[in-house]
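In the two assemblies presented below, chain A is common to both, partnered first by chain B and then by chain C.
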Partner chain A sequence: MNEETKGLQPRLELRGITKIYPTVVANEDVNLKVYPGEIHAVLGENGAGKSTLMKIIYGVIKPDRGQVLWEGREVQVTRPAEARRLGVGMVFQHFSLFETLTVAQNIALGVDEPFDLDRLSKRIGEVSRRYGLPLDPQRLVHSLSVGERQRVEIVRCLLQEPRLLIMDEPTSVLTPQAVKKLFETLRRLAEEGCSILYISHKLEEIRELCHNATVMRGGRVTADADPRQETASSLARMMIGRELPVCEHSVSTAAGPVRLLISGLNRKSDDPFGTDLKDIHLEVRGGEIVGIAGISGNGQQELLVALSGEKPLDKRDSAAIKIDGVEAGHLNAAARRDLGLTFVPEERLGRGAVPPMSLSENTLLTGHRGGMVRFGLIKERKVRDFAEQCLRDFDVRCGGVQAAAKSLSGGNLQKFIVGREILQKPKVLIAAQPTWGVDVGAAAAIRQELIELRNSGLAVLVVSEELEELFEICDRIVVIAGGRLSPVTAAADTNMEEIGLWMSGLFPGDGERERSDAVADASSR
Partner chain B sequence: MIRIEPRPQPSRLMSYLSPLIAVALTLVTGIIFSGLVGMNPLDAFHAFFIAPIDDLYGLGELGVKAAPLMLIAVGLAIGFRSNVWNIGAEGQLTAGAIVGGGLALLFYQVDGVWVLPLMVLGGAVGGMAWASIPALLKTRFNTNEILVSLMLNYVAIFLLSYLVHDPWRDPDGFNFPESRLFSDAAMLPVVLEDTRLHLGSVFALIAVVLGWVFVRKSFVGFQMQVAGLADSAALYAGFRRRRMVWIGLLVGGAMAGIAGLCEVAGPIGQLLPSVSPGYGYAAIIVAFVGRLHPVGILLASLLMSLLYLGGESAQMELGLPSAITGVFQGVLLFYLLAADMFINFRLHVVTPTVGAASGKAAS
Partner chain C sequence: MTETVIGILLATLGAGTPLVFAALGELVTEKSGVLNLGVEGMMIVGAVCGFAVAAESGNLWLGVMASVLAGTGMALVFGVLTLTFQSNQVAAGLALTIFGIGLSAYIGLDYTSVALTGIANIHIPVLSDIPVAGPLLFSLDPLLYCSFLMFAAIAYFLYRTKAGLLLRAIGESPESAVSLGYPVIAIRYLAVLFGGAMAGLAGAYLALVYTPLWVEAMTAGRGWIALALVVFATWRPGRVMVGAYLFGGVTIIQFHVQGFGVDIPSQLLSMLPYLATIVVLVLISRDINAIRLNAPASLGKAYHPSV
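Presenting the complex of A and B:
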């Protein structure tokens, strides 16, 4: 234990927590102690059991075995309302806010006791000022950026004056600058005696912020460590059991022909809370990886469905998108695939794969061009061969090609989809969040594969919210903010700070434009 | 308090067993009912399920009634699998009977081997034409195909009624609302001596085989299934939704149209104001009892046919009202839907105290 916590009574203690699901052991004999004023990291890959553990603390899930002790007293937390009464607050990775309501109204919905909206608004103002979380209680949520929405969730918790705050992967939606501000807030809370459980798989953040770390792997605690004394690679070893793999990335050789050309793409979003695309210009050449950075909700979804053909453009705007020199804006997804485009979407189940269908059948979904269909009939042998190759080459761990897509873990399904799209030998590959939710080892393999593809002359476009990832694999980087693209820059000529600033909507050549509301949060205040 | 909650892992075995469970429960209900109204349950059971098929003629009748149900249900299932809800098979059947039967009346003095094939084609075209109305309205204006196809049933039935009351009425028919009797060349040949089992039953078996190939082996069938299971995935792969709406409705319409033609050119032999005892609706039940699978539909249509025969037999032997057939169909569908619900959901008794709330997974 640390110096500063020795001798104190833990605020929260878990003893031998075990939770078994029909197919997987989510937590096995987990012990954890969190002291007052401590920022305690729970570190682990996706599927290591972090989220299950947090849900047990918050009363969402009931453990099969084990004890939960709150300030030395055993408690049975069966509902989140009980957890809140004890003084536990939780900020979820995915927010639950109503876009058409104001900040104050949203917060009021989560308050368990009777309240007065005006007085509540005043308290929101006070709390948000006190912790450096500026927030206007009267603003409508749909006009807030993701960072500001997170603030609403945090303030909602702080109003209950929590003595333990659980933060689930809070930085995945923030710019580097916004992460700094969040850390200031969390440190301040800790100084006031609030305990913080900080869930993450980002090693650098944990080293910077946390006093203590519990490392989990496969549902078990593998180590307790002081992250300030550890290096990123020693933490990685605890987390995945081996060294953190690194990609080999050489500088791109001579750029090939333009494979994907976007010129003057404008489009109003169908969704009233969506982002309009404004005057998008971008070219992706064979033999390079271009990365699009940005905070989610800044037009990535709209751009991707326009590029993939899931929402084709009007016929008269067809020239705005060219694939391999052919006007493709009005074509649907199948016709664009005929031109040599493949696409890895962000949602795997239900979009990239049909959940109840087997992997074999899911191969057919987009892979049918490779001679799998003759005279309108499916050649099952070919389908199976392709699926088997995909499982082999991309190390997809599952019960074979007959396994249903929904039975795979997120990471393995992602490997399957990436593999399926790569094995079709496209000319252009677009990948959205290619390693989202994938464990570190598999993520490195996918990144390496994208680099290999580039080396073989393919044009690759990656849309990602993880800046580290983009800097690791991209030759050129561009930022999307408020539906506009920043200037394109060589990855070697820029850095995280600059891109982070651009992500907030401040980029060169954009001086006279108004800063979009949607990205207003990340700038320094 | 009892709560309904989704099962973590729906059982595959039960999804095949649920039609059988539904049939068993329907039988039990029938026996209890007949007991309640003072009949001997065994007599009722015999009258309903044994008497109709205890001779060759009865078995032939089983096929006569199963054939249209099979044809229609195979066609409907193809649409249902891709979430195209064609409830208008009764109208498409009637439209097929009008076009195919109209051809028979047009050529009633002609004796050619081509008359019958032309009529079958006409039946298919008639059914497809009727089904193309909801398809067009759905793909152009995004109307709801359930409502449009359902309401068109009444239009088709009134159209047929008008035709046999006036323009196509038999001139020598003493003003009865009936058409001429079809000529021999326009009648489907009987395939089993001493029964009424006609060529339509062969069509139905062919439809089952073709339906199976379409569902299991064809790429279009695969695309339609994807669209039914995950719309976004179909969009992602670039499968054209409109095409599937068209295929789903046209295949269903064609099959129903052929079924209608087979009725008028088979057991009926002329056009009447009503040419179907609700086959178009019963086939919806058949499709679901058969799990939207052609082989399942084969079995389910035989069962449904037996319910029709049993209903008739119960009227004659036990003096029950004709509504008995509809009652049994309804009870069967009710039990099937109930059994299906318990495949995906389970009841969960919730007590306010801590601890009792952890149901063990069924597996």
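Presenting the complex of A and C:
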């Protein structure tokens, strides 16, 4: 406990909270105290039980054991409406918004008061001005950027004048500049006496913002600390039990031949809420890792389906994509793989692997080229050998090659999928969010593997929303915003600040004009 | 001449009304994210139950109530299967239709040759006697007025009330609705039951007003047209009305054409209302943006509460 909180009554106190699922203990004997005006971090890896704990506080999940005390009084919060009545607001990691409704309608569904959209719109305007969170109540949510959507959630909470605000991984979707603004808002709220529970795995942010930290690992609290007194590495030791692993990354020396060439790729999105690709130019050479940064929803999905061959281009646009010098735009995914392209999709279950099938069956999904099939018959032995090699070489921890894909943890399944693609000896590897939802150790292993691949002469293209990750592994970085690519820059010549600015659409060249177009587009919809 | 036109317009209203009931009910069900393909089944069970009760009791309004209850009962079966036991909505809906057609034939065995006087048109002194407006506006049957009221009520509910907003929201993202603390399954139950009641009412209109008699399979695919109407009307009540009366109008006109002895096989002519409705609705529903904005995104997907 800190000096400043001694003697005060906690606003929220948890005692011995336990929640057990059939396969996993999500929370075990968790104790937590949050004081008025305190910004309290809950720190832990994916799967440490942070989100479950927050949902218990918000009344979405019922704990098996334990007590919740609100301002010293024991309470049973069985529904979010009750939590809201106590004064608890929550901003979800995966937003709880409805895309086809307006901002005001969305907020109306999350506040418990008589239904009057006009009055509500006025109040939204007042609150958003007061906290510097500009928001137009009449806009449809699908036309908002990810940062604006988060603002909708925050304003929805603020309208209820919360006394405890829960923020679940709020910065994972924001540019560094937007993070700064968010922190200003949160500090201001705390000064007004609101308590804030801030859930994150980003150590530097917590050190900058929070007064107190509860560290969780495997569903248990492993430490309570004052993050301002700790270093990033001491917090990391509490969070994962050892130092944060760092990748070894040497500067790329030999620039090989151009393996993947995108020139003048234009494409209208099939989805009316999607992003059109506009005049994309990019080359990826053997022996380098090129990273595409950007906030999700700026054309990444559209670019990836065009590159992987999931939705091939028209025949006449075929020259827009060349794999190893061959025009490939009109080819489907299988034909592109024949040319030496491999692809690690963002959704591991569903796109990268068939969930109920075994790992050796999943090997066949993309590995069938390597002599595993003859005359339409599967050569079981060969498949099994390949899968076993994959588990061995990439340290996939699971119940063997017969284990179902869905039974693996996110990190292990991702290692399997990356391994499966790499063992096919490709020339180009495209990876979307390669470490999304993966624990720190496995993420470091996957990043190291990508660097090894680069060193062996492969062309690697990584699409990621995590700037830290891109700066860790990439030789060159480019930003996608509004379906358009920024200039490509060497990672060593830039910094997060600049890339963050580019991510909001402000990059040299005609970026300025493009941004105003995009805004006009969105508001005319 | 005026007589003929008024006759055609009245007949159009009559032929369109079963579709209005069934399609508006299905629209509410689908807005909540549940796809119930059993409209035809619920409608025909509603028709036979209404007819049987009216014939036995001699009270037409008891018959209407029986229709509504029968439709709701059928919908309850569907709800238990798909919402409580999370079974596939498409399969359950198809099964419901097949079950309904069989069940109605069995219940209706004794009623195939029974004659009933249908629900009479109302008569308001003075108003009903005004030329043109009188017969068109003030001397229709009570259920027809009920269908107008239902349309107004549903449009108001969906677009002006918080409950309607919530229903649309649940159809788009049940996950978000649950995280805000709304009981998704319970609300979907209500929407499914309402759809069943409306399909039952559509059956009552067929068997007690439109053709006051019972014939096996008398719904003749109207349940399926109602389903198509909802989709092609891009889930908007106003367009459902347009589509339903278009169907009614073409049905009536092709009867007249048959009456004039035009040399086209009658089977082809009876096909016309189905064809015309679909073609027109496909043409007006090509705007992909409008579809994305109005279509319930979670339609047909079972929702598994994870808590």
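Assume the second predicted complex is superposed on the first by the 512 of 525 C-alpha atoms of A that agree within 3 Å, B and C clash if a C-alpha of one lies under 4 Å from a C-alpha of the other, contacts with A are read in each partner's own complex, and residues count from 1 in each chain.
We adopt the following convention: a contact is a pair of C-beta atoms (placed from the backbone, for glycine too) under 8 Å apart; a residue touches a chain by one contact, two chains touch by 3 or more.
Fair warning: this is a prediction, and the values are worked out from it, not measured in the lab.
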Practice prompt. Check whether chain B or chain C contacts more residues of chain A in the superposed model.
Written response: B
Discussion item. For A:258 in the superposed arrangement: first (chain B), second (chain C), both or neither?
Written reply: neither
Item to complete: Have a look at where A:80 lands relative to chain B and chain C in the superposition and call it first, second, both or neither.
Response: second
Discussion item. By the touch definition at the top of the document, which applies to A:308: first (chain B), second (chain C), both, or neither?
Written reply: first
Discussion item. Looking at A:60, would you say it contacts chain B, chain C, both, or neither? Reply first, second, both or neither.
Written reply: second
Worksheet item: So, A:110: does it touch chain B (first), chain C (second), both, or neither?
Response: second
Discussion item. Per the contact definition in the header, classify A:444: touching chain B only (first), chain C only (second), both, or neither.
Written reply: neither
Discussion item. Quick one: is A:99 in contact with chain B, with chain C, with both, or with neither? Answer first, second, both or neither.
Written reply: second
Worksheet entry | Residues of chain A that lie at the interface with chain B and also at the interface with chain C | 62
Fill in: Residue ranges of chain C touching chain A (in the complex, touch as defined)
161-162, 165-166, 168-169, 172-173, 175-182, 288-289, 292-294, 297, 307
Worksheet entry | Interface residues, chain A side, partner chain C - complex | 59-62, 79-81, 84, 92, 94-101, 105, 108-110, 115, 140, 271-273, 525
Worksheet item: Which residues of chain B touch chain A in the complex?
Response: 8-9, 213, 217-220, 222, 225-226, 229-230, 232-233, 235-240, 354-355, 357-358, 361, 363
Fill in: chain A - residues contacting chain B, complex
21-22, 62, 64, 76, 78, 308-310, 332-337, 343, 345, 347, 350-357, 361, 364-366, 368, 373, 376-378
